[in-house]
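Two complexes, one shared chain (subunit A), two partners (subunit B, subunit C).
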Partner chain A sequence: MDRRLCEEHIFRGLMYFSVAIVLCSLLAVFAIVVIKGASALDIAMVTQTPQGGYYLGKEGGILNAIIGSVYLSVGAILLATSISLPAAWYLQQFGRASRIAHAIRTLLDIASGIPSLLYGAFIFLIMIMFQARASLLWGIITVGIFIAPLLTRAFDEVMQMVPEKLKEASYSLGATRWETVFRVMTRQAFPGLITAVLVSFGRAIGDAASVLFTAGYTDSIPTSLSDPVATLPLAIFFQLATPFPQVQERAYASGIILLIIVLIISIGSRYLSKRIARYSIK
Partner chain B sequence: MILQKSWPILSTQPLTELLFSSSWQPIAGNFGFFPFIMGTVWVTGLAMLIAVPVSLLTAVYLSEYAHIHIRSVIQPVIDLLAGIPSVVYGLFGLLLIVPLIKNSIAPVFGIATSGYCVLAGGLILAIMVFPILISISYEVLRTVPVEMREASLGLGATRWETVKHVVIKKAFPGIVAAIILGFSRAFGETMAVLMVVGNVARVPESVFDPAYPIPALIANNYGEMMSIPLYDSALMFAALLLLIIIVAFNLAAKYVLVRLSVVT
Partner chain C sequence: MSDNEISVKNLNVSIDNREILKRISIEIPKNQITVIIGPSGCGKSTLLRSMNRMIDLVEHVKTEGEIIIDGNNILDPATNLSALRKNVGMIAQAPNPLPMSIYDNVVYGPKIHGMRDPAILDETVELSLKRVGLWDEVHDRLKDPASALSLGQQQRLCLARALAVGPKILLCDETTSALDPISAKHIENELIALKNDYTIIFVTHILRQAKRLADYVVFLYLGEVVECGPAREIFTNPKDPRTKAYLEGVFG
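Moving on, here comes the complex of A and B:
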């Protein structure tokens, strides 16, 4: 056979092999976690907080961590959005070739590349300065700061997709810059903004390293911002660290719960943005 | 701020000793970061060794070969892969990879290991950096003009020859940037690696030895860092190292990508 054709076939085979590896690794991650965890998954897991001796394999669930994760992520998203949206609006004020905007975007990209652990470490230092104890509030601040750069860049990208003509039409009607950004661009970019928020929500709920020192851990559901709070990833981590097989199995089950939440968010964001997109000007 | 906190340790010991000494005894006041640096390098290096070829081939397949229907199936899957929390990857590592290495892979080489080793961390990290590597290199490959491919194919080159001599050559800087970004992601990843890599402060000598990467060091010891003198400063120095490396990598990657005008 022709040597060139032979090479073509070899590399094509290698490509199929690579794609297979990538797809299989995803399937394997899902399959293994679901198979191992399914046996320990029951209603009590999601409706109860840990009872006495839970970490020795007794009664209870991880409702504290589920609720805690939701509180923390929702709070962090609210905080991050309230910083990021104005920041993205501000970036829109500059032209496409603006140096300042370019510098800010570069900075934001670098900030999104910094591992969440370092954000956690940084906030922890500030907490020491204020003599504060780990709490829901500090957890929200940490995660909020950690996802704000990601969110700003995502908002920014989405708003840049708004056609230039739409802006010009708005200006020609006598609208001010602010009116154009707020009433036209934000509305047009709305589906993309929702997707960005939900994707960041997924990041926030799955992240463990940043809240390791800042949010604390507790067996009860937090009732105020100054209470410590449990999160799902940390719940998984701590349950795994116990030497009892029953408790470790619960860690796998908690893994399923986390996976399901992330999946719902991911699929939900696709569906939602498609639905709202009907109201945008094409 | 982190620099200010790490100053005390920098002033008591020379920088070279901090970086290259391998004795880690916080209580005796010995802070040698060499085992941790080497642990990070081993794990990250191994992960990239696995992830780069696989991701590049996948990206080439998606951009040059795949039918649009196949592409529209695979891309959401890769997005999903990117969205899975790192703790779940860690679980996966504990459940599948660690036992696999302990029972199947290591005995083949005649080595006894607990399974918690560089190889496990590397495999997990490789899976975790697949999505970012694939999606960026895919974007980069897409920037190569269709006319260039047509010219090459028109001269009688096979598809693979076109990829090898035209597409990859044109997209090379962008691919390097994608690799750098993937590398810096792998470098800072904490939880999943911490769960499978064994955390022993020794310089690993083979892929079956346990290691102790820098992020794991910070995560494990941060809570109790106040109890030992200079310990907090040492950990801050570790954080500083991590920060500098990652910022430098990101800047480099960004520079290359902007030159290519893939991102704005």
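Moving on, here comes the complex of A and C:
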């Protein structure tokens, strides 16, 4: 057989194989979580808070952790976005060869690689300084700070992809740098910005380590920012750590709920970004 | 009152210490179409982009000399670029509509320059689109994305968008080169209709187009002005042998 054709076949096979591995691992995680958790999933789980001895296999649900996780991640995303978007705007004013921009981007990349547990430990030290108790607010701050570098770089990358000709169009009409960044680049990049927020949301809602010391844990639903708050990843961790098979099953059921939340957010934001993308220049 | 809109005096432009334009001195006549011709890489676009300081976007660019518009040297670092570009509009080589609706594309400029009154904005949109012959085609879908238009329509939209801020001068950088012949003809006709009210500078390397459009011609070669003058003179009786050679298609 022709050598080039042979090459073509080998590389195509390799690509299919790689895609298959990625998809299969995803499906395997889904399948195991669903198979092990489906039987424990009932309506009480999503409508009730834990009743006495829930973690010992008694009555109740994990509404506390569901609501807690949603509060915490939405708060953290709002905080991180309000820091990251201006930071990403700031980075757009530098030319491609700028050393300052390069230095900032490198620092942000390093910050994105720091394990979330260390962010938690860092904020915990500050909390001790203020003699503060673990609460929703501190959880939001910790998660917000831990996803901000990630989000900034994601925003930055998306906005750097805005075609030069769009910026030129804006400048040639007399727009300033700021007007161009704000009115044209942000708009063109919007679908990508939404995707970046979505990915960070996944990180925020899925992270257990950063909130271990800072957000606390509670069986009740928080009513203020100063209340401690339960989160789904920690709930799963506690449930898996019990010796009771019945409670361990609930951990997988909690996992299903976590997956469903991420799925809803994902589909919702995709729909939103598609609607806005209709104005984007291809 | 002179009949010249722009005076370029001794303009030198270098990028990364490479000389792009050398000692350019030309007068651009008012309310005429001045066509800058010359082979690729001769500095046509650089010259054009100096006139609205878009050249500033290029890194490591150095300009010397003067470009006088309305009595001011616009190369002066203190020049208000926003005001300059309001006065000197530009239409790019390929259509570059902004990522918004047709309506918002046209009002983008006016809004930046402080126009807020919705009635006046509506009127500006209608007038600008009528000027470029696009109104009848799009008036019932102004909220549609600009990217949904055909390329030719997009370029006319870009022209309308440039007109909407009320410039006196229009810079066209091979404005029809990305379009099909019919759309290109459309734009050419509109520019000819516009020259009573605007001073138009059109860069092209297509000789036939230059002959169709030009009232005044500047021939650039290797960063220098070889010859400039009224179109009829340049095209029928070029003085410089290089111009003659270019017009005969020897190079370019």
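Rule of thumb we're sticking to: the second predicted complex is superposed on the first by the 245 of 282 C-alpha atoms of A that agree within 3 Å, B and C clash if a C-alpha of one lies under 4 Å from a C-alpha of the other, contacts with A are read in each partner's own complex, and residues count from 1 in each chain.
Operating definition for what follows: contacts are C-beta pairs under 8 Å (C-beta built on N, C-alpha and C of every residue); 3 or more make two chains touch, one makes a residue touch a chain.
Small disclaimer: the values here were computed from a predicted structure and weren't measured.
Legend: residue contacts after superposition of the two complexes on their common chain; A:G68 is shown touching neither subunit B nor subunit C. In the superposed pair of complexes, A:G139 makes contact with neither subunit B nor subunit C.
In the superposition on chain A, A:L173 makes contact with subunit C only, not with subunit B.
Look at A:P228: by the touch rule set out above, it reaches neither subunit B nor subunit C.
In the superposed model, A:P149 makes contact with neither subunit B nor subunit C.
By the touch criterion defined above, A:R278 lies against subunit C but remains apart from subunit B after alignment on the C-alpha atoms of chain A. Touch criterion met: A:R187 reaches subunit C, while subunit B stays clear of it.
96 are the residues of subunit A that lie in the contact sets of both subunit B and subunit C, per the superposition on chain A. Only residues 95-97, 163, 165-176, 179, 183-184, 187-188, 278-282 of subunit A touch subunit C when the two sit together in their complex. By the touch criterion stated above, subunit C contacts subunit A in their complex at residues 52, 54, 57, 59, 81-86, 89-90, 92, 94, 96-101, 108-109, 112-113, 145-147, 158, 161-162, 165.
Taken together, the subunit B residues at the contact with subunit A in this complex read 1-2, 5, 53-55, 57-58, 60-62, 65, 74, 76-81, 83-92, 94-96, 127, 130, 134, 158-161, 163, 181, 184-185, 187-191, 195, 215, 218-219, 222-223, 235-236, 239, 242-243, 246-247, 249-251, 254, 263-264.
Within the complex formed with subunit B, the subunit A residues making contact are 4-5, 7-8, 11-12, 14-19, 21-23, 25-26, 28-29, 32-33, 36, 96, 102, 105-106, 109-110, 113-118, 120-122, 124-125, 160, 199, 202-203, 205-209, 212-213, 232-233, 236-237, 240, 251-252, 255, 258-259, 262-263, 265-266, 270.
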